[in-house]
Structures are given as C-alpha cells and as structure tokens.
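The following pair of complexes shares a single chain, chain A, combined with chain B in the former and chain C in the latter.
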Partner chain A sequence: MRKVFDTGNAAITEAAILAGLNFYSGYPITPATEIAENMSRRLPMAGGYYLQAEDETAAFHMAVGAAMGGMRAMTSTSGPGYVLYADPYGWAIGSEIPVVILNAQRVGPVSGITGAPGQGEFYLSRYPTHGGNFETIVLAPEGVRDAFELTIEAFRLAERFRTPVTVLADQLVTDGWEAFEVPEDAFELERLGLPLPKRKAHQGPDFYPRSDGIDIPPVVLGRGTGGACSDWTPTEEGYDTEEIEAQMKHSYRLIYKIRNNRQLIDRSVLTRMEDDPPVVLVSYGSPSRVVRKAVKEGRAKGLRVGAISLKSLWPFQDALFKKDKIHLVVELNHDGQLVREVQRASGGRVHFLGRCGELPTVSELLEIARSLFGGGRPRPIKNVREAW
Partner chain B sequence: MNSFRREILISGFGGQGVVLAGRSLGLAAVHGGLEATMLISHGTETRGGYVRSQLVISDGEIDSPVVERADVFLALSQAAYERFRGMALNGLTLYDSDLVEPTEGLTHQLALPARRIAIESLGTEQAANMVALGHIAKLLDFLPFDCLRQAVTELSKRGREVNLAALELGRSLELE
Partner chain C sequence: MDKLSEKYLRPKKIPSTACSGCGLGQVHKRVLLAMDELGLNVHDVVWGTGIGCAGRQTFNTWKGDNFAGTHGRVYALAAGLRMALPREKKIVLTVGDGDAFGIGLKHLLHCARRNLDMTVIVADNFGYQSTGGQFGLTTPPGSVTDSSPYGLGETGWLGPELDILEILKAAGATFLARHLSLDGKASVENVKRALLNPGFSLVHFIYPCLTHFGAVSLSERDKGKVITWFKGLFEPGAENPDLERLNRRVDPGFLKLKRGLYVDASGSRADYSQSLKDWTKNLNRDGPDPVGTGQGAKK
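Moving on to the complex of A and B:
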C-alpha cells in the first residue's frame, strides 16, 4: 500500500475510480469542488467520462442517465446542490438505478458559511425527494480513511440494492487531510474487494419483482428488453402503469428491499460498550472523532461512558439504542436532527449537544458526560438541553 | 497505543501559504512513519479572508483531529493571534512580528520575523511561510528535517529552491 497525505476529496475521487467509476457529472461547490476538479483530471486517465453540468439538477440527471446506460456513475455536491437533486433522486429510486451521491455538508441554511462544517441534511438524506413510499441508504464517513472506504462501499450497496446511495460527509471530512493508504497491486485491491464485479444488464422480463430481493441487476436501456425506466410507476416488466395494485407492489419493494436487509448496511462502530455503560454518546461524521477521544479520556478518569458512532445513517439501526441508557447525541447543528431519531428508537432519556459550524471539544464533552451520571439533569451548559 | 500527540495551529490570511505549510508538515510526518491529520477552515475567497490549519501528529491512530491545546501556534495575522492565542497558553506561540502586535507581558510567545527574513534574504514575501515552517520543524524534535525537506520538495510546484532555502533560514534562526 502507498501511504499518502491528502484530502477527503482526493480520497473519494481515487476510491470511486478504483471502484470502477466511469461516469462523473457535477457542478462545483465548496467544499466538494475538488472532487469535480480531481475527476476532470483523473477520470479520463482511467478511461471514464467527466461532464460539468449547467447545474446540479442536470448533473444528477446525467449521472442517472449514464447509470441507466450501464455505466458506474456518481455526482457530488454540498447542501445547496443536494436540494436540487430532488427530482432525479426520485427517478433513480423509483426506477431502481444504482448511482452514488456525495454530499459534503456545510453549515447553513442556504449558502451559510462555505468553509465550515454542518450536519443539516440528516433528514433530507432520508427524504431526498417527494412522494414517499421508499427507504434510502446513507453512509457517513468520519474522516478521510472512512471517505475512501465508504465511497467504495457506496458503489457496492448501490448495485446490490439497485438504488441511489448518498455518502453524507461534512466539510471537515472532504476538506480535511489525513494519512491514508492506497492499494497498489492486485493483491491489495483484492483485499478491499476490488475491482467490483462488472455491472450486469437484466434481460427481463421481471425487472421489478414482487419481492424484497436484492442482487438483481437493474434495467439497462438499449438492450431491446422493453424496460422503460420512465418516472411513472412500472409494471413488473417495466412498462408504465396507473394501476394502484402495481403501485402498492412497487412501494413494498422500494421500502422493504432495504428495511429487510438493514443488517447488510449497518456500519456502526461501538467504543467501550463492552461493559454496558449507563451513559452513551451518539454521533456521526467528524464529531465521532472527538467523541471517541472523549470516551477514552473519560474511561481513563473512571467515567463509565461508551459511544455509538454511526457510519450508516439510513436505514436507521433502531436496535442499537436501549431504553435504559442515557444517550447524549452530539451533532453539528443547533436544531437537533439525529437526536430525534435516537429518542424515537430508544424511548429513553436523550440529551443533545449541538454545535454550529465547528466541532465540540473533548473537555466540553467530558464535562457534560460527567453531569449525566447519577440520573440528574445535566448542569446547564450552553447548547445542551433535554431532547423533546 | 500513542506515545505522543502534538497539536499545531497555523492561522492567517488566505494567500499566505497557511495550507501549504500545514500540508508540508503533515506529509513530512507521513514520510517519517507517523500519522497526521489536518483540518482547514477558510472563507470562500482565494485571497484574503481567514484561514486556519489545525494539525495533529502522532505515532499512533489519531482520534480527534481537533486542536484544543496547541503545542505550537503560528500566528500570521493580528486577528489570528487574538482569536487563538488562548489555545496555546501551555504551548508556544510564534507570531510574525511584521504582522502581529503582541499582547505585552505574556510568556510562551516569541517574535518570528518570517516575513522580514523572506523579503530581505530571498526577495519574496511568499517564502515567509517556509521560513516559519523551518523554525517550527526545529521545535518538533520527533520530525526529521530531511522528511520536511522531502515534503517541501514534492509539494513546491514553483519556487522549490527558494522554499528550501527559506526552510534552512527558519531552521537556523535563534529566537529569544
């Protein structure tokens, strides 16, 4: 392995190319611009196509189109572009087209501060389009190494589940630098499960089976199979229909192919949970790094704390959260998003530490964690409050 | 297990080479067989605006990449000095004496005339970051200077010779 010191954006680019990416379309936006920039240089060298679109909506449409043509496709953006993905996102979900999306979250709303991290699209990544009747797959890297690994994983899951997969990063992950290893030879690639199998084309006629089954190749247009991949509800053969019964069957498939296989998607990491600690810190993305350091330092000081770091957000892994625990959810927003989901899943006592635009500190986390022992309410510390 | 963890904070304006300095240190650490992380905060502008680089170097896996108690803080603007000085109270603050008016009476801080040296000895203000970096490397005893030289050589698209000369100038500097 070759050890390099580079950004998350560089790691994502290289990982996607190693995964066999051959089509990228995007529109530049901080803090994901470097992905587009790197792709424009690297992808043609690797035999793929790079397209700069006129805007994000077009960019994602192009990626979906390329994926329907049998290519391994990707796009990347930040929050202001992610909202513009809504239309093609729904199309890709409905027609079951594998495509990878990277969102480098920055603090908002709207343009906010381009060079500061945020975690405002937790729920948006669950509901990235209209119409309901679907489940999404979302992965969340904590740093550059994760960004590398989870980008590859996103392609794998997108193809196994025939659905768009969002890698929900944040500015500290994409703009952040870290030492990481890049495979150099066939043996090292194989250890990472690379190269991914070639994309297969479904010959039909049962493009949309009445089941929650995965590992079924998607429709590839231009093969004379009849699958339409339009934005209408499909029959099993892939023709447009307005039959409610077909809609119900299709909805069932879109929801339960993911929910019923959620164990294949779970990438959560548990830290110091082996002795069932009463206080558990919960986070995803770059805050997890600080949380893990706080848990280790807390343990060294005799505090029985543990951490659940989520590297997959959706489908939500409800079973991780127990009612008898005190959860402290740490997020890069002040409104509290992940905290709501933890409260729903655990049904127990949940507290919230939200930071806006920058990470919390280890000492801050330890002070709050300490105050949660003994069942008391946390001492009033700025930005910490009971969940709803 | 980590036997050491060092936190380095560099901050100034866009265009001063804050990121390149941090990147050089991080790559030097990797060349030296160490782990490194760097977080960048910046405004949208390419020139001007603020830039902050937080570096962590360790001989083991790095959990938090956040600098909370800087071992070394390099201030390249007055705003940076005032904003982050408090994070390096137990470490060492180096400030560019052309750009920063320091708070009187504080300990653990040294004037580093990087900009002045770069202009007078190398004829370019742009090498100031490398002068400062050369001096920082001298303070980080775990980082072989050759590794830094190698990193700067690899990362300098232009002005390689000037940058390497600037590193040496910074390294040979005796501050009091």
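Moving on to the complex of A and C:
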C-alpha cells in the first residue's frame, strides 16, 4: 500500500477510479468542485469519460444514462445541487439503476456558506425524491480514509442493490487533508476487492422481479435484451402499468430489498460502549472525530460516557439506540435532524447540540455530557438554545 | 398488425391506447417506414420517450430496448447513454412539444450544441393534451384552451417571427425538418436523413389532436375537417370552406409555416460523444502533467 497525503476530494476520485469508474458527470460547486477537477485530470488517464453538464439535473441524468448503458457512473455535488437531483434520483430508484452520488454538505439553507461544513441533508438523503415507496442507501464518511473506503463500498452496494447510493460527506471531509492508503499492486487491489467485477446486464425477460432479492443484474440497454427502463410503474417485463397490484409489488421490492438485506449496509463505530455507559454521544461525519476525543478525555476524567458514530445513515440503525440511555446528539445544523431519528429509535431521553460551519469543541461536549449525569439537564448555551 | 409493426413493434402494445382520430400513429409509422427503408433492425436502435401523449403512447412499443425519461430530461439521459453505446447503435427519442420545447428545451439545446448522435422526433399536438388540453409552447396564438379560456395571449415557439427550429439551428443542430403527420414520402425521406446523420437530428411533426385541440380550440371533432385545417397551416392558399368558422378561436395570422427540410448539415461537425471517446482513447498517458499541480496526471 502506498501512503498518500491528500484531500477527501482526491481520495474519492482515486477510490472511484479504482472501483472501475467509466463515467463521471458533474457541475462545479463548492466544496465538491475538486472532485470534478480531479476527475477531469485522472479519469481520462484511466480510460473513463468526464462530461461537464449544463446543470446538476443534467449531470445526474447523464450519469444515470451512462449507467443504464452498462457503465459504472457517478456524480458529485453539494446541497444546492443535491436538491436538483430529485428528478433523476427517483428515476434511478424506480428503474433500479446503480449509480453513486457524492454530496459534500455545506452550510444552508440555500447557498448559505460555501466553504464550511454543514449537515443539512440528513433527511433529504432519505427522501431525495417525491412519491415515497422506497428506501435509500446512504453512507457517511468521517474523514479522508473513510471517504476512500466508503466510495468503493458505495459502488459495490449500488450494483448489488440496483439503486443509487449517496455518500453523504461534509466540507471538512472533502476539503480536509489526511493520509490514506492506496493499493499498489494486483495483490493489494484484490485484497480490497478491487476493481469491482464488471457490471452485468440483466438478460430478461423479467427485468423487475417481485422479490426482495439482491445481486440481480440491473437492466442494461443496448445489449439487445429487450429491456425497458421507465418512470412508470413497471410490470415484470418493464411495460408501464397503472395497476395498483403491480405498483404494490414494485414498492415492496424497492423498500424490502434494502430493509431485508440491511446487514450489508449497516456501519457504525462504537466507542467505550462495552461497560454500558449511561450517557452516549451520537454523531456522523466530521463531528464524530471530536466526539470520540471527548469520550476518551471524559473517561480519563472518570465520566462514564460512550459514543455511537454512524457510518451508514439510511436505512437508520434503530437497534443501536436503547431507551435506558441518555443520548446527546451532535450534528452540524441548528434545526436538529439526526436527533429526531435518535429520539424516535430510542424512545428515551435525547439531547441535542447543534453547530454549523464549525465543529463543537471537546470541552463543551464534556461540559454538556457531565451535566447529563444524575438526571441533569444541560445548561442552554449561547443564543439561549434550549436543548431537546 | 401490418408487416411493419410485426417487424418492429411489440404485439402487447398494439393497438395503441391513443384517442380515436389521433395523428400520433401516423408519426410513429413514418419513423418505422424510414427505419425499414434503411434496413435497420430491432437491435440497431435504443428507443427513448418523454412524458405526455407522445411519450406514453410510444413507450416500450419498440421491440428492442426502451426507456422513458423523466419529463424533459430524456435528452440528458440519452447524452449519458450515448457515451455507453457503440457508434453503430442509434438512439431515437419520441417526445412531445411540451417535453422538447418547454420543460426540456435547455437539455435539448445542449444536445444540439454537443451535436450528440440522436434522432429526436417531436410529435407536436399543439399543447398539453394528455393532461386535458392546456396551451403549450406551440399552440397557435389566440387559441382558446382549457388554460387560456379568453384566448392565448402569450407568444410561443411557432410562428413566422419566432421559430423553434431556428433556435435549434443556432444551437448547432445538424439536421432539422418539419412536417405534418399526413406528409408521406417527403417526411419519410427526411426521417431517413435524420437517422443517417451522425449527430443531432430533430424532425418536428405536427399532428392533429381531435379530443382537445380540435374540440376546444377549433370547436370541431370531425377528423376530415380538422385535418383540412391542419393542412392549411402549411398551405395558406388552400381552399377550406370551414376556415372562418374553425378560426373563430385561434389566430389566423399563424398560417405561415415552412414545411420540409430546414437544415441538413449532416457530417459537418463532430459528434462530441465520439470525439470524447476518440480523444480519451488516443490520450498520451505518459505525457507531462497537464495542470502543473506537481502531482502528475498519471500519478
């Protein structure tokens, strides 16, 4: 393995190319622009195509179009572009086209602050399109090395589950510089399962099986299979239908292929949870780095705290959260998104610390964590933000 | 089923679910005739469709591979698909006037700019008819429709002063033609030219809708009378005893449409998908770092 010191954007680019990326389409947007730039430089060298689109809607449609033609395809963006993906995102979910999306979250709402970390698309990544009747797969790196590994994993999951996969990063992950390891020879590539096996084409005639099965090759057009992809409710063969029965079967597949095989998706890091600590800090993305440091320091000071760092967000890992714990959810927004899911999943006492554009400090995390012991409530901090 | 549909279409989708008297089938047939005359086979073409009458009625009728895009975005899907398909595979898109000239115009223009090899058949029924007959981007001025009950005041893309085909020409389309669905051999010839152009081609077919445009804007559901009115769009001098009556709810100043070939610049400009493929293939992978980052392109 070769040790590289570079940004998350570079790690994502290299990972995608190693995974076998053939096609990238994107549109410049801070803080994901460097992925597009890196792709324009590196992807042609690997024999792949870089296409700069007229907007994000087109960028994602182009990636889906290339994937529909049998290519391994991806796009990347930040919040203002991610919201424009709504249209093709739903199309790719319904037609079951594997494609990877990287979202480097910045500060919102709207254009907000471009070069600072935010976590405002937690729920948008669960509901990236209209209509319901689907589950999404969302992975969340907390650093450069994670970004490298989870990008590869995203391609694997997209193919196995026949669905778009979002890697939900944040600006600190994509712009941050860290060391990560890149495989150098065939043996190391193989050990990482790289490059991924060539994409397979479904031979039909039943392109949309009514099951929760995975590892079914996706529909690929241009191979003479008579395959059909559309935005309509499909019959097994891909014909459009208005039958409620067919729609129910289609929905069942889109939801349960993911729910029933979630063990392939679920990812988390548990820190000092072995002795069943009463207070648990919950986070994903770059805040997890501070949270784990706080746990370490807290333990050194005799505070029995633990941490759950999520590395996959959707489907949500309800089983990790227990009612008898006091959860403190730390995330990069002021409205509280992850905290709602934790509250729903645990059904217990849940508190919230929101920061945006910057990370919380270890000392303030410790101060709040300490206040939660013995049934205490955290003191509202700055701007009198009442904790949950 | 005739010989042509037996060869190219899926029996499950015949007969079509289009309204009685709809001209869409004629448009579809012109395209199939052109393919037949060129000797194209089912596996030579991937067929895409948009949303609306033209899209929904033609989706998955093709015996080969099919896709139906989101409304107005099928051009961007086709752009990505173009990169994945070998040069010899053709992409044909049948879309409506709203899909191409309204919601999808931006993506359509960019496909024309890149001269991506695809043949877009715009089957134009003068408005949003599948949603019940609202005016669209090509509805004649003055038309009374379900969403312009006092007569359409807005300027569309179709008329002597403002013609969408001129805009597409300026955007770089290398083949453009306009026909009425009733046009016979001339329209088939132009579809053939469009299919043979290794770049962006668009054939604009205007076809009569009896259910909405005919019934509401012309106050006439008789197929023969509506067709005669449509013919008059291209031939202002043509005799039509009903013209005055039918034009009560549309603007007769509209009748100056050019028919037939607009632009044939086939092969004059490269298809960007092909030049990108060629460029990538021939890229000097041992060359110097292109941007001077010190990292080297090859790494």
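Criterion: the second predicted complex is superposed on the first by the 381 of 388 C-alpha atoms of A that agree within 3 Å, B and C clash if a C-alpha of one lies under 4 Å from a C-alpha of the other, contacts with A are read in each partner's own complex, and residues count from 1 in each chain.
The criterion applied here is as follows: a contact is a pair of C-beta atoms (placed from the backbone, for glycine too) under 8 Å apart; a residue touches a chain by one contact, two chains touch by 3 or more.
The structure displayed is predicted, hence computed values, not measured ones.
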Using the overlay on chain A, decide if chain B and chain C clash or can fit next to each other. fit
Please indicate which partner A:Tyr49 is in contact with in the superposed arrangement: first for chain B, second for chain C, both, or neither. second
Would you sort A:Ala73 into first (chain B), second (chain C), both or neither based on which partner it touches? second
Partner chain(s) touched by A:Gly224 [first = chain B, second = chain C, both, neither]: second
I'd like to know which partner A:Tyr239 touches here: chain B for first, chain C for second, both or neither. second
Using the superposed model, determine the angle chain B, chain A, chain C defined by their C-alpha centres, to the nearest 10 degrees. 110
In the superposed arrangement, which partner chain does A:Arg292 touch: chain B (first), chain C (second), both, or neither? first
State whether chain B or chain C is in contact with more residues of chain A in the superposed arrangement. C
Examine A:Gly65 and indicate which partner it touches, taking first as chain B and second as chain C; both and neither are also allowed. second
Identify the partner contact of A:Ser25: answer first if only chain B is touched, second if only chain C is, both if each is, neither if none is. second
With both complexes placed on chain A, how many Å separate the closest C-alpha atoms of chain B and chain C? 5
Touching residues (chain side chain A, partner chain C) in the complex: 14, 22-23, 25, 41-42, 44-45, 47-49, 51, 53-55, 57-58, 61-71, 73, 87-88, 90-91, 95, 221-232, 238-240
The residues of chain B that touch chain A in their complex are 22-23, 26-27, 29-30, 34-44, 62-66, 68
Within their complex, state which residues of chain C touch chain A. 12-13, 42-43, 46, 51, 56, 59-60, 63-70, 73, 76-86, 89, 106-107, 110, 276-277, 279-281, 283, 285, 290-291, 293, 297-299
Give the list of chain A residues in touch with chain B in this complex. 3-5, 30, 113-116, 143-144, 172, 175-179, 286, 289-290, 292-294, 296, 358-359, 361-363
